[in-house]
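Below you'll find the structure I mean.
Letters A, B, C and D name the chains as they come in the text, with residue numbers starting at 1 for each one.
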Amino acid sequence: MIATHYVYWLLFALMMIGLYVVISHGNMLKKLIGLSLFQVGVFLFFISLGKVDGGSAPIVSEDVETYSHPLPQVLILTAIVVGVATLAVGLALAVRIFESYGTVEEDQVLLRDADDREQDGGAS
Amino acid sequence: MTTFVLINVTLLAILIATALTISGMRTLYAATMLTALFSLVTACLFVLLDAVDVAFTEAAVGVGISTVLLLGVLSLTRSREAVTPRLRRLPGAVVVLFTGGTLIYASQDLPEFGSPTTPVQTHPLTDVYLRQSQEDIGIPNTVTSVLASYRGLDTLGELVVVFTAGVAVLALLGPLMQPAEAREREVLDLVDYRVLRVVTGMLMPFILLFALYVLFHGDFGPGGGFQAGVIFASGFVLYGLVFGLDRAQQVLPRRVLWVLIAVGPVLYAGVGVANMLLGGAFLDYDTFAPDDAAAGQHIGILLVESAIGVTVAAVMTSIFFGFANRVESSR
Amino acid sequence: MIFAVMAALLVTMVLALVRAFLGPDLYNRILAINMFGTKTVLFVAVAGFLFGRPDFLDIGILYALVNFVAVVAVLRLTHHDEPATGRNGDGHS
Amino acid sequence: MIVLEIASGVLLAAGALFVISGGVGLLRFPDFYTRTHAAGLTDSAGAGLILLGLLLQGAGWETAVRLLIIMLFLALTSPTSTHILAHAARRDGVPVWREGDPRR
């Protein structure tokens, strides 16, 4: 079991570290960093499913017999570029949130929202 | 084989140690730099797991683009993380323990790592992609043939996602949304860095040449539209960082970038429509050269890869300009 | 011999990693990461020869390039508005 | 051919030695500037020797050209980055270590 599944377990550990950062940290930028850690865990998991012992990169050449599977690689290749594009959107949102709230801490943003709502309630 | 396992375990251990340190760090600048290191290790692992194309993309994206964007945002916002109260961390720990336990329990059913008899390797599609593609499409890099031909529609979808993300960032941070109190721009003192400027000036043509090489050599080696686009973008990021944003925007005006962002999906979908007009299915490149399917595929893949390259490069560059404009105007 | 080089590279990676973790200031971290980057370039080159397919050295060229971009970005985007030295409380929490 | 193999082995061994000693230096030297020296050593001597050693393994001209390009690239970029790093550190007032100071 250990000899054949160690890669998966280590990658699960990596994903869980990322998930913990996403859930437990209040800072939005830290959350985004955690998200990319989690993402990398998933990417490596996909790629490791396509790997064959003694295989080679799926670029066909005369003197190579075994190749790793190209399909997970295609999926992950596009996923990486899409991942950075979504990271950029997240960062842009964080910048806008900082500009209107003066903070990127989730708790403080929620607190200010609650304060605003109270003031509105008192006024009407 | 033991060599492989040793290297693999070492790199994974480095990766997990880095991730743990990142999660414990409250100075976000340091955390971001460790993210760059994390990406480098990931790219090494991709090379080790035979995913050379993915390693190419990960290195360019993770180190060249993500790090720059994160650093730019950090210089716009707070770079220190507040302490999260212990009570607030508890649900995260519970969720992580539960999910991790479930994953490890489920991993019993996963196929052995690296075994040639897994469902992935024995599926009939594997043979189509690895052997039959040589006759159907005739290019050695099967990743490119799967990306641009077999799964061309899927890739069109991905390109539209990148396009949408670019538009979203422009809508959030673009010139139409500049903060009202934008101050006068400070000219940065780069006088000290003459060596840097000379070296960057020397490197720029080679970077762009390298990007073109990656774009057109994608059929035979690792490379292709996504990678080339990101390399182009990191070249311009480097130029903008060293020579200042104004000069970079003179070389590559914003309006040109906006047009280029839209060119990619239009060209890609246009190829598909042209195929339909020629009597085939959407993105059926065979119709480009009815007598020689492989030649038709070659033309189609080249057009599609160029479309991807143009859009990815334009989106990444304009995202960088969007953030960097904020950085300069908020000083 | 190539295997020994690979082992040396991995050991050096770990050493650079420890320096990147310890800091204590921003510059030490960038230095460690820059060195780590060079080691990854060598890793790709050596791994190609070790596993018998040295045709993918393009990746090494790219690593050398992005490594440079990262160092320039860190210097350009941090040291103008942030205290970058250890004296202002940079480091572990 | 045997001569080439021996030469390649010697170069690789020397490169590995430089790389490791640079790594130890990066960890053990007392301050930023001395560490710059260690890092510069691995980046130039270590990397150069290893790449030269690989070049002599004889794997076709395509590989050789790429190895040379990597060498050229590293020879341009890594001294530049070390230089601007040290320059920026000096300007930011990172203090220089003297005999008897605590390690930083």
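The working rule: a residue touches a chain if its C-beta (ideal position, glycine included) is under 8 Å from a C-beta of that chain, and two chains touch if they have at least 3 such contacts.
No experiment lies behind these values; they were computed from the predicted model shown.
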**Prompt:** Out of B-D and C-D, which chain pair has the most contact pairs?
**Reply:** C-D
**Fill in**
chain A to chain D, mean C-alpha position gap in Å, rounds to 33
**Asked** Once you find the CA centre of chain B and the CA centre of chain D, what distance in Å lies between them?
**Response** 29
**Request:** Report, in whole Å, the distance between the mean C-alpha point of chain A and the mean C-alpha point of chain B.
**Result:** 14
**Asked** Out of chain A, which residues touch more than one other chain, so two or more?
**Response** 56-57, 59, 61
**Request:** Would you pick out the residues of chain B that each touch at least 2 other chains?
**Result:** 4, 52, 74, 196, 203, 221-222
**Request:** Give me the residues of chain D that touch two or more other chains.
**Result:** 77, 80, 84
**Request:** Please give all chain pairs that are in touch with each other.
**Result:** A-B, A-C, B-C, B-D, C-D
**Message:** Under the definition above, what is the set of chain B residues touching chain D in their complex?
**Reply:** 192-193, 195-196, 199, 202-203
**Fill in**
Touching chain C in the complex, chain D uses residues 8-9, 12-13, 15-17, 19-20, 22-24, 26-27, 32, 35-36, 39, 42-43, 46-47, 50-51, 53-54, 57, 59, 62-63, 66-67, 69-70, 73-74, 77-78, 80-82, 84-85, 88-89, 92-94, 104
**Request:** Within their complex, state which residues of chain A touch chain C.
**Result:** 56-57, 59, 61, 64
**Request:** Quick one: which bits of chain B touch chain A in the complex? Just the residue numbers, please.
**Result:** 1, 4, 8-9, 12-13, 15-16, 19-20, 22-23, 28, 31-32, 35, 38-39, 42, 45-46, 49-54, 57-58, 61-62, 65-66, 69-70, 73-74, 76-78, 81-82, 84, 88-89, 91-93, 95-96, 99-100, 103-104, 107-108, 110-116, 118, 120-121, 125-126, 129-130, 134, 140-143, 146-147, 151, 154-155, 158, 161-162, 165-166, 168-169, 172-173, 179, 220-222, 224, 226, 229-230, 312, 315-316, 319, 322-323, 326
**Request:** Using the touch definition up top, name the residues of chain A that touch chain B in the complex.
**Result:** 1, 4-21, 23-27, 29-30, 32-34, 36-37, 40, 43-44, 47-61, 66-74, 76-78, 80-89, 91-96, 98-99, 103-105, 107-108
